[in-house]
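Dropping the structures in below, format is structure tokens.
Across the two complexes that follow, chain A remains constant while its partner is chain B and subsequently chain C.
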Partner chain A sequence: MVKVFIYPATSLILSDMVARFGHTPLSSATAIRERIQTAGLESPPLQITPEEPKKGLKWAAVEVPAGVRGRMSLYGPMIEACEAAIIINDADLAFGCMGCARTNELIKFLVHQKDIPRLELNYPKNEEDGVKFVAAIKRFLTGLGGAK
Partner chain B sequence: MTQPVRIAQLSCGPEYSGIQHEIDEAAREVGGEIFFPDVALKDIRRDFAKFGLDVKSPDLKLAIARAMALVEGRVEADAVFIATCFRCAEAAIVRNELRRYINEHSRLPVVSYSFTERTTSGTLLTRMEALTTIAKRRALLARETQKGLTLGLDSGSATTKAVVMRDNKIIGTGWQPTTEVLKSANEVIAHALAEAGVSRDEIQAVGTTGYGRFLVGKEINADLIQEELTVNSKGAVYLANRQHGPATVIDIGGMDNKAISVMDGIPGVFTMGGICAGASGRFLEMTAKRLGVEITELGPLSMKGFGGRVPMNSYCIVFGTQSLVNALAAGSTREDVAAAACHSVAEQVYEQQLQEVDIKEPVIMVGGTSLIEGLVFAMGELLQTKIVVPPYSQYIGAVGSALLASGFIKDD
Partner chain C sequence: MTDYTPVHVGSVTKYVMVESFEITPADLAARGYEISKGVMIKETCFGLVINGKEEEVDRIVAELRKIDPDHIFVKDRGFPPGDARRCRANLGGARPGYNGLEFEMSILPYVSHGLEVLDKKDAKDVPPPEDPLEHPLLDIYKLKKLIDAQES
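The block that comes next holds the complex of A and B.
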């Protein structure tokens, strides 16, 4: 069983696929809904306090916006703990998204810094690409080995 | 029970900064209710493309879609609060453009704010109060003349001011530095009453504003307790006789600064704050002290100098003071240093705050610092316009309070 960090971390589909292939998804438990009635697209389900941006200082300096540091207090430990990663670029909002582009840049950079198996795909635009997309993820997860 | 004022929040980052509950709390304290305009994912895709600002952060795209929903009337609100992370350039661009867009295409009052994890409800309170005041008290803010015998008190961070008005005329004033809030208030009221030749019992209505408005308002049983953003706007256009059409009000205060874009005497967009005391009247007080002159002499002194000869950056009051000391030690004249200090404060306000409102003429400067002619001159140079300083400009909050309080006279 391998700890797999997923990006977007809010993607329930991706999280479910990782779990189905016997690995542990490292993701947020936030689902993106069709109607947005919260402050952000991926409003945190847990109580974030002003302490979280301070914890985020481990990954981003004080001149980095508080929203980035608050997010990093959640995702930084996941990136540190992960043994593999799947990154989906240009994902549709409905697939899963993370509200802050600067955090997204930092997350992807930190994942790239780790010497771990990594699958990086663009979000499919049509059915044919969709089939290839799912197959590539399946191949990657199967190839990780150690599935429970 | 009155309905809460519905304040639409357009934002990026407050939850992950841990301050969403501070925003909610500030709104609740002044009878407001924060809500997030309900939009669908498809609205975000469509409206973001239509707006045409190609930002990358999805939450900023959401803010754009929500702004369009408000302007197009798909979602109803009484006011708008725009908040994004401090130090985020992408968010700052969106914040400014949304503020401008909403102001140009709707009558919704807007305030924008950039927060850190240290932002508290107390910091946001006056801004939220102004939003709810504009939404709830449009009829009161439309008042153009003062009637009867009223008293206005402005309990500011640096000075306390009182004004007695009768039938649209100022008949008594009182002014002194704020020490003990209640004591200062009682003394300036006594002075204003004595100058007006009336007793407290004759006063028909009382209004308070400024930092000490709640404490003093309760003590003197005020009919109107209202934040200084709306009160000063009203006072400014009233005294400058510009009650109709657009105007911009600038109030460089002792502790913070206000820049307010006004239409028919009612604020549309406003900012309040200041990065550091270096951009406030405090720095000019310090400059006067260091130059060995009274604050009232700083203006005439600065008009004799040329600020360009002295490098000064009052972005931070400590650095500004260092510049001041260095310049004097290097042989700069007091006149040039005074002019440089005025220019520096004006430049900070111009760079930090005036970018957040749309400058529309006439530009009216009010508050005690508007009497420092070097500061007014520097601001006029920066804005390339002639600044209007109305009579009694230092009493602006007190006059605005007395004017608005007359709406509470029983027979009115």
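The block that comes next holds the complex of A and C.
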């Protein structure tokens, strides 16, 4: 089983496809779950504490806003752990404040910098695109080998 | 600052989404309750939220997928079902994160169609989709056509 980073990290479709074809999706839910299930200081809603922007310094400089560094403390370890990546480029649902937007740019940059198999796609807009979309993901994930 | 004591430690939560003309969330919930042992299942408008030990949740999800494999989609969730920090019963309005699901739910019929087609066809025989990183230059003849259309 290969650890596949998905972007958008909250994507239902990518998470399902990766698991369906026998690999492990690295999504934001698993990173959030770790924090939700760890005892510490109360910091609702996501249990992101002031420690997270400090951890984010590994991926973003100190001048970068704390919002970006805090988010990178979730996504950075996943990008480091991933052995392949699937990116959807026209994911409007990932739109957000400047923290989200800059984090998204940094995530894509870091994934592009990493020498791993990568699949770049757009969301399908009709049934014909849907077939090509699923076929591309299936070919990519099968080509990685080691599927469960 | 107050201490935080987590609940459901060591459990996993998964969404099971239904995008089908034949299966409803209620059907899935009934089947889920039949085969579940010690997990929490919550029925929602789009499917189920299942919380419990990882092996047990995976087993139930695998069984539920068999009902309609091309129209049932699964994803992880960070929070347990009904968590006061996320549940809209406490917050009011749409649950944070639902907008993303709602957007992808509109695309699921195309993905389901793709899965159905690929059950009968080899993925190698399907042409690749357009490369999103490719930005083709505007063809000179197309530009001339656009100018002519504007001038006429």
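One rule holds for everything that comes next: the second predicted complex is superposed on the first by the 124 of 148 C-alpha atoms of A that agree within 3 Å, B and C clash if a C-alpha of one lies under 4 Å from a C-alpha of the other, contacts with A are read in each partner's own complex, and residues count from 1 in each chain.
One rule holds for everything that comes next: contacts are C-beta pairs under 8 Å (C-beta built on N, C-alpha and C of every residue); 3 or more make two chains touch, one makes a residue touch a chain.
Just so you know, these numbers come straight off a predicted model, no measurement behind them.
When both complexes are overlaid on chain A, the residue A:C100 reaches chain B alone and has no touch with chain C. Once the two complexes are overlaid on the shared chain, A:C82 sits clear of chain B and of chain C alike. In the superposed pair of complexes, A:K54 makes contact with chain B only, with no contact to chain C. In the superposition on chain A, A:N122 makes contact with chain C only, while chain B stays out of contact range.
By the touch criterion defined above, A:P65 lies against chain B but remains apart from chain C after alignment on the C-alpha atoms of chain A. When the two complexes are overlaid on their common chain A, residue A:V131 makes contact with chain C while staying clear of chain B.
Among chain B and chain C, the chain that touches a larger number of residues in chain A is C. Using the contact criterion defined above for the overlaid structures, shared-chain residue A:V111 touches neither chain B nor chain C, since it reaches no partner. On chain A, the patch touched by chain B and the patch touched by chain C overlap at residues 32, 35-41, 43-44, 93-94.
The touching residues of chain A, when paired with chain B in their complex, are 32, 34-41, 43-44, 48-54, 63-71, 93-94, 97-102. Taken in their complex, chain C has these residues touching chain A: 1-6, 8-13, 15, 17, 73-79, 83, 85-86, 96-97, 99-101, 103-105, 107-115, 117-118, 123-124, 126-133. Within the complex formed with chain C, the chain A residues making contact are 8, 10-13, 15-17, 19, 25, 27-33, 35-47, 89-90, 92-94, 120-127, 129-136, 138-139, 142. Taken together, the chain B residues at the contact with chain A in this complex read 9, 11-20, 36, 38-41, 44-45, 55-60, 62, 85-88, 90-91, 115-118.
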